[in-house]
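Have a look at this one.
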């Protein structure tokens, strides 16, 4: 297939590389010209602008957008619109909120442009060597772009999930599950670290990666992480988050569904960003008031 | 009534004072002679030993033990036993585990000694001015000691709860509830502290103490604490715990009952004692492995 | 003072009654004429329309709106606007979202009308006999309406909290705390119900209401509830919620603050509304797959 | 190698089969003679008693016990002891509590018998085709039995973890992680089931098993479960538990470590076993008391 790819960050760059290595023709664009120049060595056509990218593609165009979620997606779509024609296909492969994807699909449908929201999982490695793709959009139009996913996904690693929004909904929930699984694994290692035994965490992660019930990619990554820093003594336990976990919990609230473990995994991330907490002070102060229990004073 | 009181720490001292002010005759003993000397000014008879305390009491003796939970209770009982006679009454007013109280009651029953497990709430203020007493033991024998509780409890602030162990069981659960209520209140103030508004916490605690649904003693104590240190800037958010909350959650596990909020209140206390966590490091390392997300390095 | 009161539901009716008994002159309006007729017996002036209510008030008008949160508040304000003049005061005493209150205040400020968002706590009893009022709005204008709160609040049961939105923010957080406290208390009674002892819950709630650390209005209400139905055998454990708890957790997510206990209290409410859960089925099915553990089949 | 295997339930039978297919000589015993007869077809020697099993083995004996955790393990060891000699090796491959394993090891060590606590994961499939083994015991003696694990584990699927107890400790924590991961996955599917989209759960589990971050054996099992019953409509959401999850949380309490997600996963299992809850009734009754909110009455 022939397609345009806008956004050559970590994920976009690796995806382009993957597509090129699989014999697709790719016109690429990024505000930073460097990754495009790099990809040109693999056969990509770097465009100097979004307009030039659109002009360089045969009709109907297939354009994959891989930029951070939020306003930037709309700005890219706004820049593209003047050059798009009825029948063109726009794919948002980033981590957009599924409700935004529904709105974007409606807006583009009015102009006869087909929109797909594609949740992408598998990390940088997945983008580079074959990942997992969850796809929402028009079922008929999907047939046209399916070869693309046959090339870049691992075996059976793509799914046409349903109407617009369903792809990003699946990705959001995937990330919610990921939060819960990571916190579960992490709590397990915490229990090892506090035990009377002297476990070698890399060895443990390896044995758990082989034949156990909890084997999976996250455990393999734990093995990898411990192989580099056996006790993770070089890093702090600050658990950042980039939004999809919060969206999952917000969606659970919208739907009034109890997802206690995913919710708590998110809240523990927020907790980890604070050195000390105000709620802790309040509890300490209350204990002091009623029981005369001592408090730890700031020095 | 006439009774002996062993253990003159914060709680025992205030209880003795309360009893003396209510015209009871109290023989007191503590390893430290000082509080006994202090209480002598109010009319207490300080004993030089546990044996002397027993000797000083008319038969049947009523002896109230107010020492820290655990082995010390058994040591005091062991010291008392040679001097006790059938019909004597031993009261454990400390924070003992209810299962220990059942064992102690059985052991003393064999010798014809009646044992009461009495959970005491209300803090130092309660011990001094009238608290809340939850009482487990023999129903008939309770009538004999009831005047004691009529004197030291606030109006309707005592309850014969049932067989041995029930008093300390109630106290344990009381403390579990207390953990949950304190964490709830504390999270509320955390939400105030992070808001766009400049709340005066003392004022808020006061208005919530007057007429609101969440009014109660803990909120009044919050007001008191904020009146001394408006933003609690002098203390750290280390939430210590002295055992009953853990017992509550352990009992919930024994009974296979879901008590998520009490359990979590306890776990957040443990969390507060750590500057950084190993589980946080594991999550941060995993995010770095699959997504190249940056980690915070130790400097 | 003289004021208008729009909305005579459970809360509005009791508030009007309270104001009338405290010698305020009140013009009342509700779509249902019956409560207005009832209040007329106590001296209220029932208005046949919102316009008539406004016409009946001296300038500057003080109008208290007590209707369900959401669109109805805006509809009432829309109906009022043609009859309002610069300097008039509008009070929203309902459970509005604090962000809505900020928007409404801005909109009314443009016309020279002062808006106050007032969170009201204390239940029907509080509205009738003196409750707790948390007030956001202009500090200068507050002086004008302060006598109103002096009359209807319990002693020190009102607080000028700060700029617009702060009143409803405090009420929202108050309700979040309430969720956590109620769940804590309820888990405690759950532990009593599963224990080896035969506790009388009404007695327990009473003793905990007298002198204990966890005493407060909620515990008194528990005593009251158990006095009517000693084991609550007549009702189901469906824990409804009316929105403020959800708002609290949503706000915690917005602010990226960990409020695990309040969040979990809300999620347990959602859980209680389901007879069976899909997540339970998934876990049961997984256990069956890996371990051959038996599942409970639908008959 | 040559070894004895006591206990031919689901796990023991499959393990014996695995060993026999890997050319080990296995003497087997179970109170039920049937599985032994079945294994005899594959070359096992069925013993009529534990004594006969011991007699049939060359010195030093290696005996693997695969029976349910608890007293049965001690009973089997008691039955074995008269026939064991210094230098013999006893392996407990069941789900014993790590503290019990420490006690058993000490007891056997006094007689010169080496004890290994071996946590086994991978379910029936793992026992049959290669699983994951976590091994605690004497490091030197381990060399003697290592060939056994080379045969029955998947590649790198065994680990000498450390001193006695460490094997079962690792297995316990493994299961705690498993609880958290299963609950996370299950909550994700709950969110799919409540969404506006019509997801095919089997398809979703399959795409998440291919290339995603959350891929692993549990997700593959989910795919398998949905392939048999697409909406799990045939089963109830009763989440049983067999003990290790509870031990994990109890250990977390012992160590005073916060493991909120694992704890909550366990508590949600307990919650799932109840149709209705007492705590739910208490919350509903309290709401009714203060706000007049309606309750759902039992019909």
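Letters A, B, C and D name the chains as they come in the text, with residue numbers starting at 1 for each one.
Convention: contacts are C-beta pairs under 8 Å (C-beta built on N, C-alpha and C of every residue); 3 or more make two chains touch, one makes a residue touch a chain.
As the structure is a computational prediction, the values presented were derived from the model and not from experiment.
Asks: Quick check: superposing chain C onto chain D on C-alpha atoms, how many degrees is the rotation, to the nearest 5?
Replies: 180
Asks: Find the chain most remote from chain A, comparing centres computed as mean CA coordinates.
Replies: It is B.
Asks: Suppose each chain is reduced to the average of its Cα coordinates; what separation in Å results between chain A and chain B?
Replies: Each chain reduced to its C-alpha mean, chain A and chain B end up 49 Å apart.
Asks: Rounded to the nearest whole Å, what is the centre-to-centre distance of chain B and chain C, using the mean of the C-alpha atoms as each centre?
Replies: Computed from C-alpha means, the inter-chain centre distance equals 33 Å.
Asks: Would you kindly tell me how far, in whole Å, the mean C-alpha position of chain D lies from that of chain B?
Replies: Centres of chain B and chain D (C-alpha means) sit 39 Å apart.
Asks: Multi-chain contacts only, two chains or more: what residues does chain D have there?
Replies: 123, 183, 185, 187, 190, 194, 213, 217-218, 252, 257-260, 264, 268, 271, 277, 279, 290
Asks: Could you classify the connectivity of these chains, where an edge means two chains touch, as line, ring, star, complete or other?
Replies: Graph shape here is complete: every pair of chains touches.
Asks: Please name which positions on chain A make contact with chain C in the complex.
Replies: Touching chain C from chain A are residues 213, 246, 249-250, 252-253, 256-260, 263-264, 266-268, 270-271, 273, 277, 279, 290.
Asks: Using the touch definition from the top, list the residues of chain B that touch chain C in their complex.
Replies: 121-123, 126, 130-134, 136, 153-159, 161-163, 165-166, 169-170, 173-174, 176-181, 183-185, 187-188, 190-192, 194-199, 203-204, 206-219, 248, 251-252, 255, 257-262, 264-265, 268
Asks: Can you list the chain C residues touching chain D in their complex?
Replies: 10, 123-125, 182-183, 185-187, 189-190, 193-194, 217-218, 221-222, 224-226, 229, 232-240, 242, 260, 264, 268-269, 271-272, 275-298
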